[in-house]
Amino acid sequence: MAKINPEFLDELKKYGGNDFSACYNCGNCTAICSLSTEDNSFPRMMVRASVVGLEEKVTSSLDPWLCYYCGDCSLYCPRGANPGELMMALRRWLTAKYDWTGLSGLLYKYLPATILAFVLTALAVIGLAIKLNFEMETIMHYGHLFEMFAILGVFMVILTPNLIRMWYLVIFKPKRNIPIAVYFKGIGELFIHMFTQKRTLGCSNSQTRWFEHLILVFGYLTLLFTTVVLDWFGTENFFIIALGYIESAVVFIVTAHFMYSRVNKDKELNKHSQPSDWLFVIWLFLMGFTAFVVRLFIDFDLLAANFWLYLLHITILVQWAVLIVPFGKWTHFLYRSFAMYFSSIIQLSQETKGK
Amino acid sequence: MASNKTKTLNLVKDKIQVSEQAKQRRKTYSAMKKQILAALEEGPMTLPELAKATQLPINEVTYYLMTLRKYGDVKTGEIDDNDEFFYYELKKQQNHGED
Amino acid sequence: MPETTVIKKQYDALVIGGGIAGGEAALNLANMGFSVVLVEKDLSLGGKMIHLSKVFPTLDCAACITTPKVSETARHPNIKIYTYSEVKNIKKQSDKLFTATVFKKPRYVNEDICTGCEDCENACPVIVEDQYQHDLVGRKAVYIPFSIANPRVANIDMDNCILCGACEKACLAEAIDFTQVIQEIPIEFKAVIVATGYDMFDPKKLPNYGFEQNKNVVTAIQMERQLVPTRPFNSVLRPKDGKMPNNIAYVLCAGSRDETVGNPICSQICCMYSIKQAQLIMGALPMADVTIYYLHIRAFGKGFNEFYQQARSMGVDFVKGKVAKITEKENGNLIVRFEDVYKGKVKEAEHDLVVLSTGILANKGIVELFPGLNLETDPFNYVKQVKELENPSQTSIPGVFVAGTASGPMDIPDSILSAGAASSETASYIRRLS
Amino acid sequence: MKKKIGVYICHCGANIADHIDVEKVRESIASDEVVFLSRTTMFACSDSSQKDMVDDIKKQELDAIVVASCSPKLHLQTFRNVAVRGGLNKYNYVQVNIREQGSWAHSDTPAAATEKAIQLVKAGIARVIESQELTPLKIEAHNKVAIIGAGVSGLRAAVELADMGTHVDLIEREHFIGGRVSQWGQLFVSEKNGEEIVKKLYETVIDHPMITLYTGTELIARSGSVGNYNLQLKITPRFVTQECKIGAFDKAIEICPVSVDDEFNFSLNKRKAIYKNYESEFPHIAAIDMLNCTKCGKCLEVCNSINLNQEILIENITVGSILLSTGFDPYEPSENEFSYKTIDTVITLQQFKRLVELSPNKLIYRDKEIKTIGFIYCVGSLQIKGDNKYCSRYCCTSAIHTAIQIHRKYNIKSYHMNRGIRTYGKQELLYTESSKNGDVYVEFDPKKEPIISKNGKQTIIKVVDLLTAKEELDIPVDLVVLVTGMVPRKDNSIADILKVPIGRDKFFNEIHPKLRPVETVIDGVLIAGACQSPKNITESLKSSLAAASKANSLISKGEIELEPTLAVIHIAQCDWCGKCADACPFGAILKTSIDGKEVAMVNNANCKGCGMCLPVCPTDAIDLIGYTNREIESMIDALID
Amino acid sequence: MSETTKNTAIKVLVFSTEKISDPAIDLAGLLKLHYPPTVYVIPLPCSSAVKPKWILRAFEKGYDGVFIAADGTDCSFSESCVEKTSDIIAQTHILMKEKGISPAKLKMAAICSVCAEPFVKHMNNFVEELTRNKIN
C-alpha cells in the first residue's frame, strides 16, 4: 500500500521537470531507450511515480542515475511529456534528497540563493585577499592549502555522509538485504563506471559524446592531481608543466564545445538547460581556462603584474569547491558511479538468492 | 473499320511525350513475366523457390507473380506441407468464353 | 447513365466528394426534390468505404451497403455526377448564388460507350502499382479502377502509357479516345456541401517503424484489401514473400495521438477497424495469433464495446503499450519493441506480419477551392464547424456546409448522420433564400 | 400461362460463395422448365450486375425474376427497382435469402448449406410463378410531425422541420423544456452554456408559426399508421396561468409548505411544490407540482395567476410521422455501489455538475471546501456483473471537461480512476489538457474496483493502479464523483405505445446503423438523439437533423406509397360469420351485401396487411395479397421437393 | 452424401414474421450461430396470419416439424397477437390429433427481433427432440 504525496508533482517542477504530467503511459519512452532492459525498465515508471506522487518509489530508485540522457525518449514522446528532462530533474531532486545539509535543494530550487552563494564566496575570497594585503606568495600558498583541505573537507563532511544517505535510501530502507561479500564482489563496477562511464556507450546517440565525456573526466581528475599533489603552479618540472597545460586545455576546450551545443540546442539533451547545468559547464570551463592562463602568465612572468588573474582563478576554484562540488551538478559524477555499483550489487544479490 | 481503329492514337502520337518511367515499367514487366513464367514451366513452385530459381529479389517476385495471377497467367495451387507457402503454377491457356 | 443525363448549368446544391457522406447528402437533397451536382475527384463514387471488407460492429460487408447507395445516387434523376473531376474557383456571385468551374479530366475512354469488358486492360503491356490495392499488386496503364467501381469504365493512366495503341485495337466498342482533353464546365448553385473525406496518415513519417524498408510491415488499409473478396493475393499473405502469416501484430495509434507527427488527436476509427480485422483474420486464418498493441481501446459507439469483448473472447491478445521500434530479421519476421505497460517491463516480441493501424488526417487543399471566401479550418486542417452546438454542419461561409470526415475523424454511422444533418441544414438554407 | 423467369444467384464476394457452391445451385435449377435463364454474379447489387439484369429482362422478355442473395431487408427494394427498370411490375420479383439464412447460418456444413440454398431458390421460383402484378397503395400523408421530447434534439429537429415547411407538434412531458442540456453549464466545444443553447432554440420555437409546443404533455395512445397517425395527448396543467409578479413568485415559494427533492439538481437540494428549475427557464411561467401540492391555498394569497382548479385535458392530434427524441436518464448507482449513499462524500457526475453550477466561487459540499476530487469512471457502463455492457460514450469527455472547469474555477486537483480513457477524436485534446494541469489518471482492473472508505473526516480511495505495475494506492480526496453513464429512460412507456423495437442495450433500435440510422421498423416513427444510443450534444443534434430530413422527405409530398399487402375476400366462399371482423385489430373488415348475399368487405385504407383475419375464417375465404394460399403452399411444397 | 442427409435429416418449417422474428433469424446468420440446415423459413407479416391448413399441408408433405417464430408482445399490429397465435396452435393441435400427428411436432415461441440465440437454441432443441421421437 503506497501513500501518495499530492504535492510531489509541483515540487519536481521546481527542479526543472516540466510537461511530464502530460504522460499517457504508452511506454514509448521505455521501449525506445537503448539502456532500458526487461529487468530494468525506465523511464516511464519514474514518470508515472512522479505524476502519481509516489515519492518513496522515486527516493529508493536508482533509475534516474542509470539514464545518460541521449534524449530519444523525449524526442519520440507522443505527448511531448519530456521524460528525459524529468530524469534530469529527478537527479537534481535526488541530489537534494541525499544532501544532509539541505543546501543542494535550496540552490537548485531558488536561483537567487545560488547567485547569493556565489557572490558571498567571491566576497570572502576578496576579503581574505584584502586581509592578506594582496601578497602574492601568501595568497598562492593559502590557495594551494585551500585546494587540499577543501577536497578532504568536502569529502569527509558532505559527500561521504551523503553517500551513506544514498545507501540508506536505496538499499537499507527498502530492505534489500545484501550480503557483505556482495559489496566486495561488485566494487570493481564502481571504479570502472567512475572512470569510464562506459554505460553511455549503450546510448543510441554518439560515441563522440562518450569520448568527450571520458577525456573531460580524465582531464579534470588529472588536472586536480597535477595542481594539488604535483603543485603545478609552483613546480619547475617541465614535464609536469606541460601535463598541466594539456589537462587544462582539455577541460576548457571540451566544456567550450559543450556550451556551444547547449546554445545551439542541437540535440534533445541540450534543449532544456537549467541554471545548474550552465553553472557546471561554465565554471568547469573557467577553471580550466583560468588555470591555463595563470600558468601561462607564470611562465611569461606576467602574473605578478596581473595578480587579479590569480584572484579570479582562486575565486572560481573556491566557488567550484564549496558550492558546485558538494551541492551542485558535480555530485552526479559520484552518485552515478555509486548507482551503478548499487545496482550491480542488488542484481548480484538477487542472482545469488535465485541460486 | 480496321483503318479507323488506330485513328485517335495517330492524332496525338506526336503531341504526347512517352515518359521514361513508362518505358522502363514495360521493360521490367515483360522481363519479369518472362523469367517467372519460364521458371514455372518446370512445375509448380512456391515464392521462395521461385525467387531462388529466378535469382530475383523475393519481394519483386511476389509483386509480379501476384500481378500475373491477377491477369490470369498464373494460378494458385496447393499449400506446402508446413501450411506456409502456396504453390503457383501456369494457367493452361484455355478457350475463352467461360465466365 | 444516359437515361438521366440532362446537362444543366444551374443546380440547387453542389456536393464535393462522392464518398459515403457526399452520396448520402446528395441523395437526401435529391429525395427532397432539390437538384444536385456531385463532383468526385476519383474515378469512382463510393469513397473509402467501397474498398473496405466488412464494417464494424455488425460485420456486414461494406460493398453490400455501399454499392446500392452508390447506384441509387448515380441513377437519381435529380443528381448530376462528375467523376474524375475537380471543382475549383468556388465564388459568390451574390448572396444567393455561387459559381464554380468543374474540371473534368480526360479518361481517354468514352464513358458512355465503354462496357467495362476489360479487353483493353488485358491487352496493355505496362504494369503500374495498383493504387486501389494500395500497391500490393500491379495494374495496367489502362484499367478499370476496381470491380465494383461506379461508373465501371476504363481509364488510361497517361503518365504510364507508352502509346502502343494495343488498347485501342482491342476495344471492340471503340471507346478509347486519345484525343480527349480536360473539359471545363461552369456551374451555378445556391449551396455547397463539402464532403471531401480524409487522408490516411503516411507511415513513412514514423522512421522507427521502417515502413517500406521492412516489407512485411503493412498498413491497415493494405490488410483491409487483403480481406476483401477481390483481394490482391490468393489469401492473406505477407507482401514480401507470400508466406501465410500466423502471428500478426497490430500497432495502434500509428500517426494518431502523437505530437511528434503533428497529429495529437485520436483518429476515432483505428481501434475498431483493427479489432474488426483481427476478427476477420481469425476467420480467414484459423491458426493465426493476433496481438493488438494499444494505448486505450476507443470502443465507444453503439455495439462497439460488445464487439471488442467478442474479439477478446475469440482469443485476440490485447497488450497495452506503444510499439517503439520495428526491426526486420533475416527471415522477414519482425521484432517489435514495446513496454508491457501493465507489467512495467520492456519486451521484444517476434511477429511474421505487422499491421500499422494508421490514423487519419484532414484532406488538405479544401480551403483553396474557395478563393476570396474565408473557409475556416481547425488547427488540424479539418473544416471548422463554427456553430457546432446549434448548426453542426455550418461552416464560416454562409451557404457552405460540411458533411462526414471533412470536419473531423468519424466512423461510418457518424458520417451518415453528419451527412443527414448537412443535407437538412442545406435544404432549409436553400428554402430560406427564396 | 407459363412465365419466363430469370434467376440470379449472387456470390456476394465470398460471403455466399465460400460456403455454398453457387454454380451447383444454378445448375440444379437451370433445368427447371420455367427457368428461362439463370446466372451467377459476383455482386448482384453492383451497378453493373443490375444493369445486366435490366438488359436481360428487356431483351429476353422475362416475366419475373428471382435473386438469391442476402436478406430482403437489405436489398428487396434494390431489385424491385431493377424489375421496374426492366419494365416489370415490382411484385414480379422474389428475393431469396441464401446468405443470412444460408451460407452464414450454415458455414459449418457447406454441403448441406448448398442443399438448403437449392431448396430455397426452388421455393422462390415457385413463389414468383404465383406472384401477381400489383400497384402500390397511395395514402394521404399529413405534412405534420409529432416530436416527442423537447430537449435539444427535439427542439432542433422542430426548428429544422418547420423551416423545411412541415408542421410540428412538439410534445414535452415536463413543464419546462430543454431536457438534460439545460442542466449542464459550460459545454465542450462551445463558449455558450446549456441554458443559452436552450434559450436560443426556445425563442425560435415559440416564434415559429409552424410549431405548436405542448408542455406537461404525455402521449397516451396512438392509432393509425404512417402518414396518418392519430395521437392522444394528456395535458397536465401547470396551475399557473401567467407569470406571477416578480416579488409575488418569490413569496409564493417562500410560503409554500411543501418541500420535495429537487430532481433538476439531482436531489442536491429541495424545492417547493410551486417551482421553476432556474430563473430564466422556459416557458417563463412557474408550475405547480400537483403530485406533491397539498392545495393549502397559501400561494393563492400572494399570486393571483394561480388557479388550482385547472383540469387535465385530453387532446387528439393527427400527424404524418412521429419523431422520438426522448433522451436518456443518468445511471443511478445502486445503494452501496462505490459507497453511493452510504458514504456522504460520494456523488454522481450529474450531481457534481449541478453542484459546480450552483457554486460560483468556492466549491463547498456538506460544509466542507473541496480541494481534491476523485472521479470513478464507468459507473453503470461496461458492467461485468450488471446488464449494461455498453460504453456510454460521453462520460469520459464529460468528466474530463468538468475536471478542467474546476481546475480553472477553483484550482482543484483531481484523480481519475478509469478503465481506459475514451476521449475519441478531437476530445483527446481535453485529456491532454487535463493531464497537463496535473490531474492524475489511474487505471484500474474492472475486476478490482476501487474501494472508498472514510477515515475520520478524510475520504480515501483505495485502488490498484495498473499503470504502476499494480501498486496499491491510497488516495485522499475530499469528494468522490461517480462518472455515471447513460441509460434509457426509466419510464419508456412510449415504446409500448408506438411499438418501437428495443435493442440489446434497451435503447431504441434503428433499422440499420449505417443504412438507416434514424428510422425504426415502424414506418413513420423516427428516432433521434440519446434515446437511440448514448451521444454527446453535437452527435444528438446531427441525428436529429438527419431524422428531420427523413421525416420531411417521407411526408412532405402529401402522399406515401405503401405496400399493397391487403386482405381480400373471396366472395363466393364467404358466408359472413363476422369472425374476421372480430379478429381485425384495425376495424378494417365490414359487413356488406353483394347481390343479396351477406359477405365481408375489406376497407383498404384501414387494412394494414397483418393477416390476422386469415386463420379465423372457417371457410378459408380470405387471402392476403403477397401471401396467398397458392404462394405459401407452393413454397411449402418446393422446400421439401 | 448430401443425398443421404436429405432423406434422413429432420426437416423443420418455420413461419417467421418479417419485422420481428425474421430479423432475429438473419441475425443468427450474421453472428454465425449455427442451427440445422434443414430448417426452412417462410416469413409472413405476422404470426397470427398462419393458416392451420398450411401447417397440416406441411406435415402431409413430409416435414417433421413446424415452428412458429411468433411476434409475441412485440407485435406491431396488435397486442392480441400472442393470444391469437396461441389460438391457431391450439386449433391446429386438435386437427393434428384427428389426423394422428403428434402435437409435439408443432411448436411456437416468441422470438424478438434480436433473439438470435434463443432462436438457435429452439431450433437445436426442436430438431433434437424430433430426432429422438423419430428414432423411437
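Residue numbering begins at 1 within each chain, and the chains themselves are lettered A, B, C, D and E in the order written.
Heads up, the rule we're going with is that a residue touches a chain if its C-beta (ideal position, glycine included) is under 8 Å from a C-beta of that chain, and two chains touch if they have at least 3 such contacts.
Computed from a prediction, not measured in an experiment: that's the story for all the values here.
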**Fill in**
Via touching chains, chain A connects to chain B in a minimum step count of 2
**Request:** Touching both chain B and chain C: give me those chains, sorted by label.
**Result:** none
**Request:** Please identify each chain that touches chain C as well as chain E.
**Result:** D
**Message:** Let me spell it out: compute each chain's centre from its C-alpha atoms, then which one is farthest from chain E's centre?
**Reply:** A
**Item:** Most distant chain from chain B by Cα centroid
**Value:** A
**Prompt:** If you average the C-alpha positions per chain, which one ends up nearest the average over all of them?
**Reply:** C
**Message:** Looking at contacts between chains, which pair has the highest count of C-beta pairs?
**Reply:** C-D
**Item:** Euclidean distance of C-alpha centroids - chain A vs chain E, Å
**Value:** 83
**Message:** Counting only Cα atoms for the centres, state how far chain B is from chain D in Å.
**Reply:** 53
**Asked** Quick one: chain B and chain E, Cα centre-to-centre, how many Å?
**Response** 54
**Asked** So, what's the distance in Å between the C-alpha centres of chain D and chain C?
**Response** 29
**Where chain D touches two or more other chains, by residue** = 421, 432, 467-469, 503-504
**Prompt:** Which residue numbers or ranges of chain B touch two or more of the other chains?
**Reply:** none
**Complete:** Residue ranges of chain C touching at least 2 other chains are 58, 60, 257, 264, 296, 320, 341, 344
**Complete:** The chain pairs that touch are A-C, A-D, B-C, C-D, C-E, D-E
**Fill in**
Per the touch rule, the chain D residues reaching chain C in their complex are 11-15, 17, 42-43, 45-48, 50, 70, 74-75, 78, 156, 160, 163-165, 187, 189-190, 192, 197, 200-201, 382, 389-391, 393, 420-429, 432, 466-470, 503-505, 507, 512-515, 517-518, 532-534, 537-539, 541-543, 545-550, 552-553, 556
**Asked** Inside the complex, what are the residues of chain B that reach chain C?
**Response** 4-6, 8-9, 11-13, 16, 18-19, 21-23, 25-26, 28-30, 46-48, 51, 58-59, 62-67, 69-72, 76, 79, 83-86
**Prompt:** Once bound in the complex, which stretches of chain C touch chain E?
**Reply:** 58-60
**Request:** In the complex, go through chain E and note every residue touching chain D.
**Result:** 1-2, 5-6, 9, 11, 13, 19-20, 22-23, 25-30, 32-35, 37-38, 40-42, 44-46, 48-54, 57-58, 61-63, 74-78, 80-81, 84, 87-88, 91, 112-114
**Touch list for chain C against partner chain A, complex** = 208, 253, 257-260, 264, 295-296, 320-325, 337-341, 344-347
